[in-house]
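Listed after this line are the structures, all set down as structure tokens.
Next come two complexes, and both contain subunit A; in the first it sits with subunit B, in the second with subunit C.
After this line comes the complex of A and B, so read on.
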């Protein structure tokens, strides 16, 4: 058996203005799990894309099974036994599981696709690795965890010796994630090697044999779980010590600010996404909404902020009925919204930082008078936001697209917090941003709570929910399974509720 | 700042040079002299007061047409309805121009222009309203409305509003009253000044007002616009109404300032040239003025070029098409200039198909 399954040797890759990989070397041995850890923009994706043949390195080599190779594309990597499971699945939803698995490598009999043969192999593979699945189910009918299974089987079907998994647990419940980690461990027993990309420190410590930490395109540390801890890894990633958990005082809830009663909301396809939801959020408390993504969170946030009209039910904000209020009416009522997708809703990429800083207040004094924009006032306001919220930008006149994700997010938070607000709706407020910015935003959200703002926090990161919330509502299939006091909550309990299991 | 202006202007400028160079090769292939031809072209468009007047007259509807496309671009919509909007504006301005008499010029002329503008705003707004309420794509709707406008104006000028003087058999309206005729100041037609004022107003509205901020927000990111409380449907409908009004003003100026009446078939194709102008100006309302002047000059000088150098005037169309080609495919020019690719300079043509 070969000594090195997959390796990058002194790989350097330059993109315009960014040195994405700077003399990076990693080595994966058979039967081992290598965790690649780093913040967004640290160069993890570039590195695995080089290993998978999507990019060619400017200098340095890729080694597959002790042999230096020159990959011309993903096909090249696949034929050499490299399999990759992307963060966003590459599946054809209306096709069956078996069809998805063989797609591009179909067994044929007399020129026709031999699906029976394919089905047999898929069933055999799924038995051997404990990845049970119905080969004739349509992919679009499968839950996300099962779709991921299809992706893994797709790689195994092509006889992969190496699996590269990009943030594989982001879409799973804690129990599903644990199961996946178990499956991965079993896979390595056959000699398979796994490259595991993640930003979840807990998982790294649970599963990895070797850990490589990247920062600013360079390898800044190589370690093993026994030699380090969560805070040790975080420090390596960020380059300074960080608080993983913000301190918070006990909440002092006041009057009800947001009251939702029997709310029913449809999704884009007209299916019921929220099924008779009722809850309240009081001034000075954070209600966390936990749940696997796609269980109605998006529809809930959009209904509250006026982007989507509920079909049934009542919503009151600060005593006023605003069930089918427009976004502007709701903002006017003192509601701030940190949207889930900052590129889609949060910023206009080609607008300057200044223009984005008034995106939903340009029409009000002092930013405009009788329909005329006041540029000086807007620039001054933008500078205040940039200063107070530590947005790293060369000036307020550069386009928002030139900012990093974390700085865009701080700009959005700064904009939303620059008024007196009664209710904050924060959807995935720290998704895809660096640890330093996460810490900063968490602190600001708690500050708002302590000032008496009611906060609805929707997040797929259970750690974020557990760290910030005073009460936790678990959303499953458009219904609230239970609302529990944060002091009585633990991962196990919430994880079961997230999977729809009540006792 | 000046650097970025330079970068913005570089592509259209190089496109013009390349278009003229290839045009020169074509002239050579006809055994004619490019220098004679191009000299005649410039003299024909700028040589004397008459030539300048011709150029400015040609440029006027092009400015309005270019603005009609550029303004809609800003809200992410592609207005192909300039032709229909122009015809509607031309016929209604003429209708008020010949249909009422006894009014002083200060009342009659603005009234005639207003009639054309309002009719055009309704015509353009129709497409925008359909887009906002039903999702009907503005490209399809404006193309269809072009046919409707063509037939409607043909019918109006051949039946109820027909010129029955003498033994006229042509589908045209009577001449407009003197009090509704746009005057000329020396070599400068007042209609051209109106067009320049319209371009400046468009720029001010887009860059300095809350309405312009809303229009640009919808154009750049419809979801973020909705998030920020902008009524996206209203912006789409009103932007198309403004676009229709601008194109219609171009038609009104033709009727009241150049032709003196509306005549079916005279303005055919003029509305489509707005697309060329807007692309050449990279959808900048101020850039529309030089772009229209350039094309206006070429059209004004084409017949002299034919007369002096024996080059077919269709060559001008070929050169225009080449310039448009180089503007629309800027990668060629970037490569020539070794310019770095910068997506912020890219012009987005509408919102694309399928998305609404």
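After this line comes the complex of A and C, so read on.
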């Protein structure tokens, strides 16, 4: 067995305006798990895309099994035994498991796809690695954990001896994630090497043999779990010491601000997404909604903010019924919204920072009078938001598209918080932004709470929910499994609820 | 293997078929010659629609909408007719029609796949170009000296009453089309090519990551599918009508898209749908011949199109069929 399974040697990759990888070297040995840790934009994805042949490095080499190679595309990497499990699954939903696994490398008999042979191979493979799966199930009918298994089998079917997994636990419950880590550990016993990309410190410590930390495209640290800790890793990632947990006082809930009663909401396909939901959020408290994505979170947020009409049920905001209120009516009532997808619903990319800073209020005084925008008032307001919320931008007149994700998010938060608000609906408020900005936004959300705002926090990051919430509602399959006081919450218990298990 | 059909849908299908057979038998007992004529007309109209639908479904299964079938029919019919008339060979004319179809498919691919032009606009370009070119170069004095393709009796099969005349005493391109139904079905649902084609129409990114060249396969498929529409053009000029006239495709390229959707983007589904639409066309012809209704013929002529609107609207209500997920979207690597 070769000493080096997969390595990048002094890899540099420049994109317009960004040095994505700057003289990066990593090395994976057989039977080991290498964790690549770094914030969004640190260059992890670029690096693995180079290793997988999607991009070509400007300089430096890729080494596979002690041999310097020149990869021209993913098929080059695949034929050399590199398998990749993408963050967004690369599966064809209406096709069967077996078809998905063999796609691109199909066994044939008399010129036609030999599905029987394919099925045999898949069954044999899943037995050998202990990854049981129904080969004839349609991928679209499988839960995400199973879809991920299909992705892993897809790589193994192509005789991968290196598996690259890009943020594989993001869509899993804590238990599913633990199970995956166990599966990966077993796979390494056959000599497979694994590159594991994540931003979750806990997982890195739990599974990695070697850890490489990237920051701004450079390797800033190489370590092993025994030599470091969560705070040590966080410091390496960010370059300064960070508070992983924001301090918060005990909440002092007031009157009910948001009241949801037996709400039923359909998803885009007309299927029931929220099935008779009831809960309340009081002034001065944070209700965290935990759950694996796709269990109705998006529909819940859209229903509350007026972007989607419930089919049944009642929603009251501050005592007024607004079940099918328009977004504007609801905003006017003092509801702030930090949307899940900031690019799509948070900012208008081609508008300037200043224009974006008044998207929720441009039609009102003092920003416009009789339908005419008042430019200087808007610019002044934008400058205040930028200063107060630490939005790093050369000026308020550049398009929002030129801002980084974290700065866009701070701009959105600044816009939403600069008015008197009664209810804050924050959906994945810190997704994909750097730890510094996460800390900042968390502190601002807590400030709002302490000012008496009712906060509904929807997040797929369990740590975020646990760190901020006063009460935690666990959403599964469109229903609330339970609402727990945050002081009694533990990962184990919430994880089971997220999987729909109630003892 | 094809698409999975729910048991209720299957039962509904069989029930519908049984009812239809009974009705046909009743009509045949009452008026044999006219029933035979209507059904033969049904198959005649269905052939063109089936070819257009197959052209459309290969494109759509790969993720490319082809609304240029109308133009592909028309220009191919023109090429087929002109070459047949010049060479005196129906066979050469047919080849010319197919060749023109391939060329127009290639043009659509070049625009919609290569240059990433909006697919609807690219298809519209074909339609406008075909109408303009054929109207400009149309030569009224040309004709097919040797006449059009004639019926070939398939031995004793042709002697079966009704069924024999309707299905087994047809001209050659009709038989070819029926054979192509099997070929396209097996290719789409059993071959490596078909599996990859369906994959690039549903999730091109997934296909790309396993080393399938999405753009190349789309290019190939849209071009090849054009050949089917080209055969349709040849059929129209050399077998169905026997001459060329201005705008002779008469909206059937669009009707073929309705047929394709109604047939759930499967060849046999499309053929069933094509027979249904063909039946409305044939019935309309018969009504006009018999002067059944005392209203201007234009109104009777509307029948197939009115039925199209009703059926397409209804099919949305009955079993909604999902489009390929990547339909109409250009694929950007990366």
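We adopt the following convention: the second predicted complex is superposed on the first by the 503 of 503 C-alpha atoms of A that agree within 3 Å, B and C clash if a C-alpha of one lies under 4 Å from a C-alpha of the other, contacts with A are read in each partner's own complex, and residues count from 1 in each chain.
As a convention for this text, a contact is a pair of C-beta atoms (placed from the backbone, for glycine too) under 8 Å apart; a residue touches a chain by one contact, two chains touch by 3 or more.
Computed from a predicted model, the values in this text were never measured in an experiment.
Student: With everything superposed onto subunit A, say whether subunit B and subunit C fit together or clash.
Tutor: Overlaying the two structures gives subunit B and subunit C room side by side.
Student: Touching A:112, do we find subunit B (first), subunit C (second), both, or neither?
Tutor: Touch status of A:112: second partner only.
Student: Touching A:368 in the superposition: subunit B (first), subunit C (second), both, neither?
Tutor: first
Student: Is A:348 contacted by the first partner subunit B, the second partner subunit C, both or neither?
Tutor: Once the two structures are laid over each other on A, A:348 reaches subunit B alone.
Student: Looking at A:16, would you say it contacts subunit B, subunit C, both, or neither? Reply first, second, both or neither.
Tutor: So A:16 only meets subunit B here.
Student: Please state, to the nearest 10 degrees, the angle that the Cα centres of subunit B and subunit C subtend at the Cα centre of subunit A after superposition.
Tutor: 50
Student: On the A-aligned overlay, A:399 touches which partner chain: subunit B = first, subunit C = second, or both, or neither?
Tutor: In the superposition, A:399 contacts subunit B only.
Student: In the overlay, answer first, second, both or neither for which of subunit B and subunit C A:250 touches.
Tutor: Touch partners of A:250: none, neither subunit B nor subunit C.
Student: State the minimum pairwise Cα distance, in Å, between subunit B and subunit C in the overlaid complexes.
Tutor: Result, nearest C-alpha distance in the overlay: 7 Å.
Student: Share the list of subunit A residues that count as touching for subunit B in one structure and for subunit C in the other.
Tutor: Correct list for subunit A: none, the interfaces share no residue.
Student: In the complex formed with subunit A, which residues of subunit B make contact?
Tutor: Against subunit A, subunit B makes touches at 208-213, 216-217, 220-221, 223-229, 231, 340, 344.
Student: Going by the contact rule set out above, which residues of subunit A touch subunit C in the complex?
Tutor: 54, 73-75, 78, 84, 86, 88-95, 99-100, 103-106, 108, 111-113, 115, 154
Student: List the residues on subunit C that touch subunit A in their complex, please.
Tutor: The touching residues are 1, 186, 190-192, 195-196, 198-199, 202-203, 205-212, 322, 325, 334.
Student: For subunit A, which residues are in contact with subunit B within the complex?
Tutor: Within the complex, subunit A contacts subunit B at residues 16, 305, 307, 326-328, 331, 337, 339, 344-351, 355, 359-360, 362-363, 368, 371-373, 375, 399, 401.
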